[in-house]
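Here chain A shows up in two complexes: once beside chain B, once beside chain C.
Moving on to the complex of A and B:
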């Protein structure tokens, strides 16, 4: 079987596919219009018409139609049932640029089936194209361009139409993506008016631009002149001749030209007056040029009457004018070297090279002539710009001329004064100021006729020497600018010297800046002296390199950490300033700023602290206090000296002779808390001779002074009892300062209780607190006093803690503090007592006039002591002893407010009898 | 008229410029002479014979302005056909590239003459250029020998330049004295007092014609 060609197979497949799909895609209805294009924002109505066959198949009619836009159902309110087969939908103010509109039917209840769909496109009709213009580039076809107007959002065709009165030309259709211009496909025909317009058209309409009628020759942009050349003339050093070839359009139209030129190094162009080049030509001579100067030219052309467009600029061409003799004498000046001999001096003649516009050619050399009075002149030919000669001290006249290929300049004359020479007649009112980005110098000419002025200047710097530059000005000039490389923010020292026929005048100088700036560094401030309320600040003048301008003033900013900043302005001539009204003992932060006319710059911050006291203030306080103390001490010594017998009586009481003592017997009413049983043996040893029992009535409810009074009374009694007990009271006092001895004796045979101090209720009230109750023996105390190391051993044994010493128990009880905090008050208070002690206090109180004199421990200590007595001594912790005190209190039988005293008696062991 | 210049003076100027441009023999004649190796004195002299197909200067000057315009318009039409034929005779366009431009310029001149005649109130028929006049056909005869054909074409081109030069001179005279009364000029613009003789017209609006038609 012959094989079918491949293309036949493909065609069959396509045919069959198309036929089958045609049936498959046979729609159930149609939407009209089929491809709607509407104006954006306008109303639009579409109609969906169902086919009868479809309606029968699905058992539907137009009421089953559902409209959708972009798959979203359109509200039913927009539907209109036209008849059984047609339904329309209306959109008011269509606001979509493109929307898919579908017609659907609801089959079998709610099953939605698409019937047909269209795409509704909206946009705008074209606007009238505006600003139509055409250009004919020489040798090319005419191009027209226009403004197409607003975006239409639709495919819009722009057609450029053109015609003569007798002929229509082919339309120029724009290319896609460039609807704003078109190039016609016919050659321009000059001198025939053509009418051109643009038609814009899309689905919504058509718009036509304004017709323009013109002769294409009036829209010509010629090609630029070519082969521009420049030639000079040996006869005239100020002209250059330009030649060029005109563009071919020159055969059709007359041309005018625009010629521009500039010197080679310049950027700005000069222009030949247009009226000089209004006619067609191919050459032009440019005049009034500088000799020996290279000029660059360019040219362009356009239609003579100005209609059309200028051509592009031609390629640039350059030429050099011919040389001429130097037009000016060089600037000429001299310096006398400091080293000189008796008869000769070394003079350096210096001059400036002529600028090109004055040199008018290449300077070959300089001719220098030195002439002394009635002497033959000395001639030099120099290629450099300086000449050093040794001259006598006479007056000389130097002349200088520059020479080029054409000739030499006029001579510059410089008088060199004799030595010595007294210069005079300086310029006056010398000023320097910036203007137009140049540094100008102005002065008032001296009354005497000046031949010329020499201006010298240099940059003032701390880091580099002054390297002067100079320039010469005519004698008639009194204002000029410095013709050098003047930099901004640099300080220039400018010196102006008038030169008279006899010699130079006296120079005058001035400093100036071309442009000031803020200092690049601020001044560093430091303190010179700091007082309690003032501080003297000092700083150094800023180096000129960082000043960047004239320092007009300084500002000092100072503040405390929390305070506001205070600013003080200081004149620039100052280098120190005193800050006053400062607060003592305060940290201050201070910084300085230096200001020029253009701004300021802060220096680093510096801190200082004002002292608390002014100088000498401490001495003023300490010295009087010391003197007062010394005086007090002296008075005390004197007092002690006067009362030495009394003091001796207190300090060194008469110690009884133990060998003459008798065994005392304690009262049987001794409080049972004391274990006298253990002491029975001690008593039997007869180690103490005297026992005193003192009962003090105390009331913790009473104010402390009363207690103190009662204590005073008690102590007075003790003092008075000393006369009988031979210092037992003193021993008691001493023992109170060493409780370890007395309280640790319960297990010690060497100590015995010899006194009990209690207090009863105030005014027959039941005592609430037992202050203390104990007895002490004087004898062991005396022994320990004589050997304090033993006492220390005892204390150490207590510290070792192998057995809790009773004294500690006592102090814990008396302190009223928990056992867990054994560290405070009592030991401290004990120390206080040991330092001043009740005894001392009592003694001092007993001394007239010194009852409240402060002690070395100080009144506070006394007060603490008093408070401790009130709070601790009579504190609730003593309640544990209340019952025992009651027993004692009853037997003590105290009278109201009067403490009873008991003199030691020889009684039975363990008892005593009230006296 | 649509497409025409809005100014009579401009039209006249354009025609003068076109004539000035086209009278230059360096544009067509000289290149053709060099191209056809006719650059000898004898041949040049024999080439410079004013063809009878072109109206003579006297004949042209004897015409009224509308008549002159009609005559020139018709002659240029025939000339355009002759140049087209010549163009076909030449092997390649680049042999005489200016020929195409000249043909365009001839069409442009005819357009300007049409506009000028309309300005003068004597519009021309807007028929396409026809195949020559009734008297002489300007189309070269291919059957003749080549030399004679070249000489004929050379005379055609020389005659073209000469004719255009003549037309240009006449137009310059019109410019120098626009109100000049011609001896045989039955047609003249009669404008009301105080109105400019030359004025721009609105597009598609004919100027008011106040002239008598030729009798």
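Moving on to the complex of A and C:
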């Protein structure tokens, strides 16, 4: 009674609560029904009846009752107060399989006191048991089993009942935990029909199965036959005899059998036709077996008429059929060893062991014969599967036969061609392809009749040599599969050689894979050349060991860091590819994948950067630029060199050495005009002849009378000019580093030019010829002593900063000189303010800041200066100034406003012919 | 077991008239099967009873039980019987035998309580006799023959027999069980030939 413990617990509660009042084990009330079992989902009503005594003790009545299910109060709506002592509760459609229902009372202070408790169990009535069936295992009692139907959730008893027409048998009660089968406790009585049925019963109902009526002998499962044994026959190699002991049920029923057999290594069983074993027996001879083969047998039995059950299989027994002579000649082939002498060759005859089903016994040895045309045959008996013989270069015919205990196989004939031999007639359309997990080879037979075909094959690998395996096929075959351990993803080279009666034909080969796979490695791509917008990629063919299949094509993936990947497919025959339309100066990532029919594999990624300039582009820019620069420089140098005298004139004018001059001497006498060459004239530009004295006086703004003084002044003036010129010379382009030297060099040249100028000037200024007489004596001295003088002069000018202002004073003074033409003075002034273009140029040169531009010996300027200097000579007064121009040179003249101002002045003076 | 026949009637009557070949064959198979074991039963019984029963070559054909019809019958009489009479005699005999085997089983439980093999064989023999009885009733039903009325053969058996008397009684029952089984095989073979499947 499963509900019992529940209410015992409840009773304990009551005991504890009522214990204080001394009412042991006397509950305050009861619930009816006591142990309710209801159908799942049905309605249920329980009543709690309180005892009068208890009601008095607690001062309660039925309205104080509280119902609880599993400790949860039931809603009041489900209560019904029947009378003062009884309250009922109703549940509609009980959906609990098991629920604790308690009756409680609310005592003083809302304290709940448990009165009584029951467990309400719900479930289903049993269904009718189905599929009742019985079996009589031989030697055991009858067992019946059935399908109990749906779960009842209640304890349900199943009873197997059985009876004869004349007798009832004891009920078979199912054991707990196995309510679907039962073994009766009486020995089966065969040949008497028995009626069997099952009754299922629980608290909610009872159900009876269909009655079945049968003869137990038709439900027998015999024991398997025992002591199965197998014996062979020396007379017949194709039979084995089985014998066994029948089970004891043989005494009651007749049997039929089921015999199965297989070769030892096979897993699938073959079966002796059932109709051959339909009657009781204890032995059977199995026929049509292969010789010298181990077979395994097993047997089972059942009632002859098929009523009942097959027994279990007997224990297996095995036997070996007797040997027979080999049924086939072995495959036979030969190899010619590379070592050969003039007259003999070493030939290795090779053959295959016969498979057991062809050997038909243990092969004891092989008989080999070798026969040369019309000569007696040589015989060999070999245990191995090869024989190496030395043969002459003649044609031979070899035969081979395998021998076992019973007999000898047919002979395999192999023609060995003479040496040399021209093989011909190959097979055509050789193909190899995988099918059904085998590598098939197919070819078209040659027109000539073929005795047999030899197939040789090996794995192509870079790591191991080609070790060929081979097989032989009949001459009628043109399709076969390779009978060997063919691995997947390996490249097989298959060679097919037809063998004609005269000898082997020309071999043909083909490559194949049993199953291709993606390459195990991708190709490693690298750049061969990288250009500005293109890159030449190159890679090596994948080694055959990693190809795993025929490489069908490559894919090149390339991308920039940010860009999308671009894919190019390349035929597998290439090992080079040019990526074009790349962006210059960009990092590219490129990788390659090689594809077989089964997939591809990426190789490592390679990174390269396209250059900013194409190859030679930089050179194309830089070299011309450099060349141009060099050329310009050279030209400049050349020009400057050519015009060095001009430059020198400007930078390093020839300065007459005053200390060597003999003014005093030449002042009084007038040098003969004829003595004046151009040079002399020029030197005499600062003439201190009578006329020139006047001039200088005018320049210095010194009064006429003091000739010597004016000379000094002039000297001073020169000194200052020198100082300036040297300053400018320091920044001269041509001889900046050594102005003094260059100017020294120029002296001679300048003299030449000078002479020209003077000459022209002289012509034009014929009236003032005498002016030049003064300087003739000074010139040679200057030439030789110029340099030290200059240095001294520079030093002097540096020391005596006051040398200039006095000279300027001269100007002013000269302006004020009554002797000098006021016009001249005026001109000098205006000279500097507004002069012709030449003068402007000159002035530009004057400005030290512009020295750089003006100094580089621009030919026009130089020319202008030349002209200017030439123009000098126009003005009659210019004669006096000419000397200055000479000595200062072009540049020097520009250095100082004053000497320069002479030029325009003279020009104008030239222009002012009337003056 | 005394009410067997009364049970038999209502159970077998409503059965649809079926071919008699099947129950005849079944009864014959049972009789044959029983026949293989009757000598074993007799030998086992005698073996457990001690001397003189267990003596080699023990035989007492003259001993008979009045409550058990003898199986021995002259060929002329047996040949003259018709199917119904043969089946009725057989039924009568096996009804008596099953009751007597029950009695012998009870006796042996007292006399040889430690001989489960013998008790099991006796129980099996009784059940088989019972089964053959049922098969014969089925044949008669199939043949549309009236089933003979019940007969309380053992009512007259004296219960206060001595051990020796009980051993002798057991000997007669097991012996007659064999004889009647032999006779049943013959009867049923004849019937089987008459009603081939």
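As a working rule, the second predicted complex is superposed on the first by the 583 of 915 C-alpha atoms of A that agree within 3 Å, B and C clash if a C-alpha of one lies under 4 Å from a C-alpha of the other, contacts with A are read in each partner's own complex, and residues count from 1 in each chain.
FYI, contacts are C-beta pairs under 8 Å (C-beta built on N, C-alpha and C of every residue); 3 or more make two chains touch, one makes a residue touch a chain.
Everything quoted here is computed from the prediction, not taken from an experiment.
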Partners on chain A (chain B, chain C) - clash or fit: clash
Broader residue contact with chain A after superposition on the shared chain, chain B or chain C: B
First, second, both or neither for A:167, with chain B first and chain C second: both
Which of chain B and chain C A:463 touches, first, second, both or neither: neither
Which of chain B and chain C A:211 touches, first, second, both or neither: first
Partner chain(s) touched by A:191 [first = chain B, second = chain C, both, neither]: both
Contacts on chain A seen with chain B and repeated with chain C across the two complexes: 164-167, 187, 189-193, 215, 217, 251-252
Touch list for chain A against partner chain C, complex: 164-167, 186-187, 189-193, 215, 217, 251-252
Chain C to chain A touching residues, read off their complex: 1, 4, 7-8, 11-12, 26-27, 29-30, 33, 36, 120, 124, 127-128, 130-135, 137-138
Chain A contact footprint on chain B (complex, rising order): 1-6, 10, 13-15, 17-18, 21, 24, 100-101, 104-105, 107-112, 114-115, 118, 126, 203
In the complex, chain A residues that touch chain B: 163-167, 187, 189-195, 211, 213, 215, 217, 251-252
